[in-house]
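Here chain A shows up in two complexes: once beside chain B, once beside chain C.
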Partner chain A sequence: MRPVIKASLHYLALAVVSVLWLIPVYAMVINGFKSDLEVSSTPVLVPPTQFSIGAYVSVFGSLAKPLLNSLIIVIPTSFIAAFLGAMGAYFFYTLSYSYSRFSSTLSDVLFSLIALATFIPYQATLIPLTRLIVDMGLLDTYAGIIFAMLIFYIPTGALLMSMFISVLPRSLVEAAKIDGTGDLKIFLKIVFPLSMPGFISTLIFIIIQSWNNFFIPLVLVTTPEMKLISVAVEAYTGGYGTLYNDTFAAAMLASIIPLAIFIFLGRYFIRGLIALGGGGKGV
Partner chain B sequence: MKKGTVILVVPTALFSIILLYLVLWNAGVSFMNWSLLNPTPSLVGLETFVSVVRQFQFSNSLVHSLELSVSLVAIGNILGILLASLLYFLKSNGARSIFMSIMIYPLAISMAVNGLIWLWLYNINIGIDWVLTKIGLPQFPWLSSTSTMFPSLIVVSVWAYTGIAALFYLAGFMNIDKAVVEAARLDGAGAFKITYKLLVPNSFNSFVISTALLFLFSFRIFSLPFILSGGTTNIFLQTSVLYMYYLFTVEFFSDATAVATIITVIATIVIIPYALIMIRRWIRR
Partner chain C sequence: MVKVVAKNLSKVFKKGKVIALDNINITINNGERFGILGPSGAGKTTLMRSIAGLDVPSSGELYFDDKLVAGNGKLFVPPEDRRIGMVFQTWALYPNLTAFENIAFPLTNMKMSKEEIRKKVEEVAKILDISHVLSHYPRELSGGQQQRVSLARALVKQPSLLLLDEPFSNLDARMRDSARALVREVQNELGITLIIVSHDPADIFAIAERVGVLVKGKFAQIGNPDEIYNDPVSVEVASLIGEINELEGKLSNEGVIVSSFKFPPDTYRKDNPASEKIMIGVRPENVKLSKEVINDDSWIFVGKGKIKVVGYQGGLFRITVSPPDSEEEIVTYTDHRTNIGEEILVYVKKHSVMVFNQ
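Our next item is the complex of A and B:
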């Protein structure tokens, strides 16, 4: 085969896969801009002939509060989880200095725990979690949802940051240790600033995960006032005979923030995913 | 160890211990008989497990969960290798990262929203079937037939999660010494031969990571079948986590915790060895 043909086939295969992969987001973007009239006459894969924001206007009223609620939850959750996780990760890093039996057992146990918290089907803690939040008097409060999310996302932060911190050169920390600097100070002054790209990856990963978390707000919110966007869109499931432009407009409003983050800072999210899998050299 | 050092780990340890407490509390209740009908629970040993395991819905939903995970692991790994090798042989780094992003983007959208979108794409009059009939193919029933419902769920999961496998295989391929690949190419090996003789056999780590992550993610998929089936009671789409949530909503609390315990045990069997392999490789170098 001639190289030109080979290269074109190569790109053709990738283009076909990309088109297939992009169909859902294409449907989401075009259908939110259809007018009610056009919805009843066109299928979902045909773009609108006229551009209408009617559907966005009609769903925004009921989604504005959930969007705000999600922001109020996600911003503190992600910053706290990524920062406290980073602290924990530096502790693992210092543990790996001493090769004593005790510290290696301790690090195995702690690391298993944070991995459990990261990967467990968190739905399985439904009943004790609900009870804990109710007993703390935090049902239907921002604090309750944030607390519940931190149970899972601080360990996630620690796991991801462990991967990023482990690639820092030892000599930097060694030098500070010899000067008698405490570990807390070393973390704040040296390790944290140096692992800033890793911190951003961890932060973005947790923002997207917590924004999209469906189950925790589903069980810990019982009043419509406190609904988060991930759960609020469920009202637009519809069924046959309902107008789908509303569904897609709601879907778009719920996805616009994570999608925008993914489009502009996607490389950080991807590094976060790689760290989740156990790192790759120099992530 | 100094006090300042210990303070570093307190938040992580505290929240991890809360999680452990939740898991153990859950396991404890699964040995009781707490439900709406019985508000003052007492210890009953394995009785709850025995009665739960005998339910049709339990085995039905567990089989669904395992089928979903096994299908996703199998399809995800195969497609992941194919896509990663297509990306590996691209000359342009820019093109590679754009194609990679297109395969990963479903993970940036919530599964609930993905479910909403796919509900309409699966509509037999105006969804994908409209295109199929336009080009003269027969309609596919998707969610409107009980036999194609579950495969339709697998299709969405494959679309959502295959990017992970492609990403880890690509990372694995990129770690293989370029000089070796070049030498093989000079010896006249084609892209296909390089992939299955050189790249794939040297990517065992990628295989382990993809398999573990695809299994763990698919095992806990909740919102996708929840939205696609419009609730928790559709037995053709009910997975273990959905069934557990259903038991909770009808207030069979101990039954729900028993299912949750079984789910946790299955996930833990994968998580702990995986975590210990990861720690040995990356933290203690």
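Our next item is the complex of A and C:
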């Protein structure tokens, strides 16, 4: 095939996929700006004749606190999970290069367990998890929700970070050992800085996952004051007398933060993934 | 400052499919400068890594002085406690740290003030001529500079054992000389034990007092460099420690015959040939080419040759000569020009030809 035709087909395919992907976003944005009357009387994909921010105003009042709550939960959760995950990943890295066959087997077993842990559906663990949090007296507190989220996201962090850490040249760790360095310092001064692109990717991934997590806040929050955004938005869908423009506005507000993170940090996310393919040289 | 003893040391990889070290026995004395020569894949790096504690021997024991540091597949003293300075074959500089921070890194693990660290780093950087690049990151350094940073990092902490794995391979001739001198100086000053691996016999001659030639995971020969240069146990060992002409010949009562060349018995170094097929080795400096007959007992005529190749190298002409109508080649160096195709008389020095039975 001629290169020009090939490239054109390539771009055509990309364009089709992009449009398909953008349609829901487009619908979300334009419908949020419709008035109560227009949203129910015009097709979903037709833009409003008159921009009205009425829906946003009415929704924002009740979503402000959940948005703040979500930030308070998600920021520490994602940083702690990604960082502890990275430490865990380095631990496995050292174990798997260990001289004794026992520790490398141990490393494999523990690692498989962790991988398994990330695949367990939340729903299946809800009752024991709720019990645990209640017993700790942490029901309906920020600490309780963060703790519960960490249980799920530290393994995710370890799993992702171990992909990034395992491609670091082993000789660097060996040189540091010969230089008389302890493992904690090797991690903080060498391994962690070198896996920074991976760390940022992991961080973004966990931020988005925990931001959208629905079940944990649903069961661990009992008062409206503590509601997280993912649960609060749910109040605008389904039920009786749904106001569509409000639903779209709420969805828009709820996704602004993950969206912004992706737009501003997305290239680090990609860079991290590229670093993986390039043998960890993406520093 | 440490004596390294290996007893029946072996290292296998891939469940025994690759034997990297095969029953090594060696004692490297306190304060000794020991060189390791060997072809690629002989196990040199593996031996260094075992001594450093980065690889654990599959069997056998390794002692530092009288202390068992590794034995029977177990590690008793980890690398961080062995007081070792090492220059890796791949340098292994920390890419996220500047040259200064790289060199200072081992010092930050000791109780030492910032001022003291700075002084030490600058001192060693000055000797190695890298003071002006201390603020650079490794990717901003040339290969030779990276190598010197790596050397500086190994030297700055004043280890009791210094392991150098091909430390000079990327330096130019002038830097190489000063790096060798530096290594010797530091070794002398600190009295540390030093082990150096190199492909370049010149490094070994410049630095090592004793050298072990590693072939297929075994020491084929251990001795001082001159001894190995002059009395190698095999052609392979001979070629590893310096350039040598290898010729395959047949034994007759008049000497060894190689095509139309004849090496009479008074050219042999010492061994008497015993088998019919003989391999002989002649160092280039023991060959002399002349247009006229040489009347000197110490040079012995072996035959008439034809000049095949003339090269120029290190201020000398590198001449390849062959017996007429033969593929065998002898290389030597002279200071005067000769022409390709010219006929010439070939002499070798008395008692200089190494004879290896096959």
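Heads up, the rule we're going with is that the second predicted complex is superposed on the first by the 243 of 283 C-alpha atoms of A that agree within 3 Å, B and C clash if a C-alpha of one lies under 4 Å from a C-alpha of the other, contacts with A are read in each partner's own complex, and residues count from 1 in each chain.
The definition used in the following text is that a residue touches a chain if its C-beta (ideal position, glycine included) is under 8 Å from a C-beta of that chain, and two chains touch if they have at least 3 such contacts.
Predicted, not measured: the structure shown is a model, and the values here were computed from it.
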Chain touching more of chain A, residue-wise (chain B, chain C): B
First, second, both or neither for A:182, with chain B first and chain C second: both
First (chain B), second (chain C), both or neither touched by A:169: second
Touching partner for A:128 - first (chain B), second (chain C), both, neither: first
Which of chain B and chain C A:193 touches, first, second, both or neither: second
Touched partner set for A:51, first chain B, second chain C, both or neither: neither
Overlapping contact positions on chain A, where the chain C interface meets the chain B interface: 182, 185
In the complex with chain A, residue positions of chain B that touch it: 2, 4-9, 11-13, 15-23, 25-26, 29, 83, 86-87, 89-90, 97, 99-114, 116-121, 123, 125-128, 130-131, 159, 164, 167-168, 171-172, 174-175, 205, 209-210, 212-213, 216, 219-220, 222-223, 226-227, 230, 241, 244-245, 248, 253, 256-257, 260-261, 263-264, 267-268, 270-272, 274-279, 281-285
Interfacial residue positions of chain A with respect to chain C in the complex: 99-100, 169, 171-172, 174-182, 185, 189-190, 193-194, 283
Complex contacts: residues of chain A adjacent to chain B: 10, 13-14, 17-18, 21-25, 27-28, 31, 42-45, 84-85, 87-94, 96, 104, 107-108, 110-117, 119-129, 132, 150-152, 154-155, 157-158, 162-163, 166, 182-185, 187, 208, 211-215, 230-231, 233-234, 236-240, 244, 247-248, 250-251, 254-255, 258-259, 261-262, 266-267, 269-270, 273-274, 276-281
List of chain C residues in touch with chain A within their complex: 52, 54, 56, 73-75, 78-82, 84-86, 88, 90, 92-97, 105-106, 109-110, 153, 157
